[in-house]
Amino acid sequence: MSIKILLAGEGGQGIQTIAKSLSKSAVTAGFECSYIPSFGVEQRGTPSIAFLIIGRKEIRYPRFEKADYVIVLQKRAIKAIKSFVDEKTKIIFDSSTISAKALPETTAGLFGIPATKIAYEKMIPKVFNVLVLGKLTDVFNIDYDLAWSGVVASLGKKFQANKTIEEKNREAFDFGRHFVFEVANFTKPAYVPSTKQITTIGHHKKAEIIPARCKGCGICIAKCPVGALKYSDELGVYATPIPEVDLEKCIACGNCFRFCPDAAIKVEKTD
Amino acid sequence: MDKIMPTSWRASSKPHLFCPGCGHAIVLKQLGFLFDEMNISRNTTFGIDIGCSLLAWDFFDIDTVQTHHGRTTPTMVGFKTAKPTRTVLAYMGDGAAYAIGLQSIIHAAYRNDPVTVITVNNENYAMTGGQMSPETLVGTLTTTTPSGKPDNLGPGLRGPELISQVASSNAYIARASISNPIQMKLALKKAIENQMKNNAFSFLEILSICPTNWKTNAKDSFAKLNELEKYYSLGQIERKTDEKESK
Amino acid sequence: MNKLFLTGNEAAVLGAIDAGAKIMFGYPITPATEILQGWISKAEKNETLRYLQTEDEIAAGFGVVGAVLAGTKSFTASAGPGHILLQDPLAMAENLRIPFVGIMMQRGGPSTGTVNFSQQEVNLAAFGGNGDGLRIVYSAGSVAEMYEFTVKAFDVAWKYRFPTILLGDGYLGKAAMTVELDKLLAPVSSYPILKELKESTNLRNCYSSEADLSEVLSKNIKDWQKVAPKIAETEKFRLSDANEVIFAHGLVASACKDAILALRKQGRKIGLLRAKTLNPLKGSDFRLALSSVKRAFVIESSLNQFSRIVKYETAGIKTPIFEISKPAEGFTSEEIVTKITEGVWTK
């Protein structure tokens, strides 16, 4: 019997790192394993999907029709996983970004973990995927040391470069591993992209920011000569933080507008 | 349609699929405003290559064709031969321009084909995951030079300088950078006008950034760009007048 | 109708002009070079005709693509190694349904081979590139057909929007022969594919998911299946009472006609089914012929490239098929007669 696991999220969320870590742990533990990402040409902006099969018998084909477990970490990825869900599929999801109502129907259970919320509020956003990974190692009964070795095998280089990174990831991993799934009364999906244009007026200036286009790249912040821009709590199209303008500091030089790759920000003088 | 976005940008394909912080999108935005200002959207054919440039296939409300890797220039040459009154752009990355498609650019320059070639140079093959390109400087880490590019694979190919060696005296050959979008837009304008007014060849390289494969944040991306500008000089390529021409 | 003394290459140029072609892109390569040169000399006297000698065949092929996108009938001519390079633009034409016309004068291969003759580019023409072979392929058996099939190629390409290749060969290209040409008029009109309308045309050939490409392929395949019966053509020569049949195409098939007349004199009831189109092949004619005879011969100047197509289309019919192949070498009719009479054909 092999377990068929499908992981899906936004490109850049670290889905493949989760899959790779699990696969390395499984292989070290002596299982037959197969892992393949599903990918289009885009590096970012389209769903990142991983097919993972773990079992005792030789695995001949790396993809499958229906998953035993689906792990979905971004609302935009739901469309991509729908066809792999049947009534036996257990769905694990990030309840802080996805509403349970948006998920496909299954009788095997919905399991929520508000990973984005926890990462943002208690840790740092970048460890979000390792938090989920921690919980998954518990779900699949992988011995702790074996599981962590999988993480190190995948992220080792980054850990070597910076000890703090390793500590933060470990913290997230441990937290996830001990987390108890929400099976009802799910966390409200609050970490969702804002949809409306944000207009701020003051100090003879008008700033417009469009969350539906902002990818949080930070170029406007880097290019502002007076430091009038910083990341806010609002989320943009990939559910990453978008900037906000301090109109008092702003000199309406036009840099943010000029440099923004997504035409998502503009500040103008109003007189 | 908000005024932050160029009118020539196709709204239905936004947010576009270029990575967060991609230099391509900065170029395409200024190009978009330029199309609006020059009012040439309806008379322009936009050819794009394979690589990250392929993501621009539905970017503009302008006739666009995505071709094969390195083949955008000859396709636009063919199109222009059939329709000399249209403005044609061949838009590509540094792999397309300086590796697989270099031969065709050199010959288009040599024949002074009236096409405008725009090359966005981010020093790597980005769409395939960040491999070395002819633009990669010695010492740079890429996925095919994991210990840093050695010094026996070329120091970094200076494309506009190379192409200017075979170009006609009325060709426009230059290098700009996204570090100065205003100057970049002026260069784009010159490159397009040289085709429209002088029926001559234009080649514009634009130095750019790739936060995804460079693994840099916004600030560090522009710092690295600054380093690239020291090796790849900005400005129009001055050329010696052909002795034969001055007789 | 007047009697002319023309080479196949010259006939192709006349065909392209009468078909309404306006631009030729090309790179010199034996035995197709005369097509480029012939076109250029016509263009020097006719300012509606244009041309570009490109830096290589890849640029020539993509030049054709560009001109066709602009709505102008355009073509290239090549052979052997150039035909290989043309698979790059042909694949794009196949995906995007671009009316690409190419005249390929087969020569010995693989590699640089010979400049002379073969029938070894059938695979390339029909199934080259990285698609499933939605290209129309004609095989010319005479100088007259180099004219006639060139015009046909432009017509079907612009009508049905599949890249279309006319296969000739070096002998046919370079042999000057007396010929009467039926002037073909009223060519199919061309139209811009990048439509230059207020609503822009945005074309891509790269898709992000299997499903997206599959949708395009399904439509293309459906269209292909619909038009295939309209395009597929054969010629039947002395077939009606035959109990043996030769399957052949191109110049080899023409030599077979002489061979059949000689064999008939010897009392053999043998006929010829000639494929005018190799792709789509008129399978129904081949199945009918094969079912009506006691044996069939496939005669070609390649190692079974044509035979493989025939066998695919006639699978299940028990009549034995004997392959007489001479890769990269021609057959005289005498040789065909000898091979058939001296061969041991019982199984």
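Details
The chains carry the letters A, B and C, assigned in the order they are written, with residues numbered from 1 in each.
Going forward, contacts are C-beta pairs under 8 Å (C-beta built on N, C-alpha and C of every residue); 3 or more make two chains touch, one makes a residue touch a chain.
The shown structure was predicted, so the numbers you read here are calculated from the model rather than taken from an experiment.
Looking at which of B-C and A-C shares more C-beta pairs in contact, the answer is the pair B-C.
Overall, the chain located most centrally, as judged by its C-alpha mean against the mean of all protein C-alpha atoms, is B.
Subunit B has its Cα centroid 33 Å from the Cα centroid of subunit A.
Between the CA-based centres of subunit B and subunit C the separation comes to 39 Å, rounded to the whole angstrom. Rounded to a whole number, the gap between the C-alpha centres of subunit A and subunit C is 54 angstrom. Contact with two or more other chains is made by residues 206 of subunit C.
Shared interface positions of subunit A, defined as residues touching 2 or more other chains, are 41-42, 46. Residue positions of subunit B touching 2 or more other chains: 54. Against subunit B, in their complex, subunit C makes its touches with residues 22-23, 25, 50, 52, 54-56, 58-60, 62-72, 74, 88-89, 91-92, 194-196, 198-206. If you check the complex, the residues on subunit A that touch subunit B are 12, 41-46, 197, 208, 210, 212-213, 215-219, 221-223, 237-238, 240, 257-266.
On the subunit A side of its complex with subunit C, the touching residues are 40-42, 46. Across the complex, subunit A is touched by residues 206-209 of subunit C.
Touching subunit A in their complex are the following residues of subunit B: 2-6, 9, 14-26, 29, 54-55, 126-127, 178, 181-182, 211-212, 217-219, 221-222.
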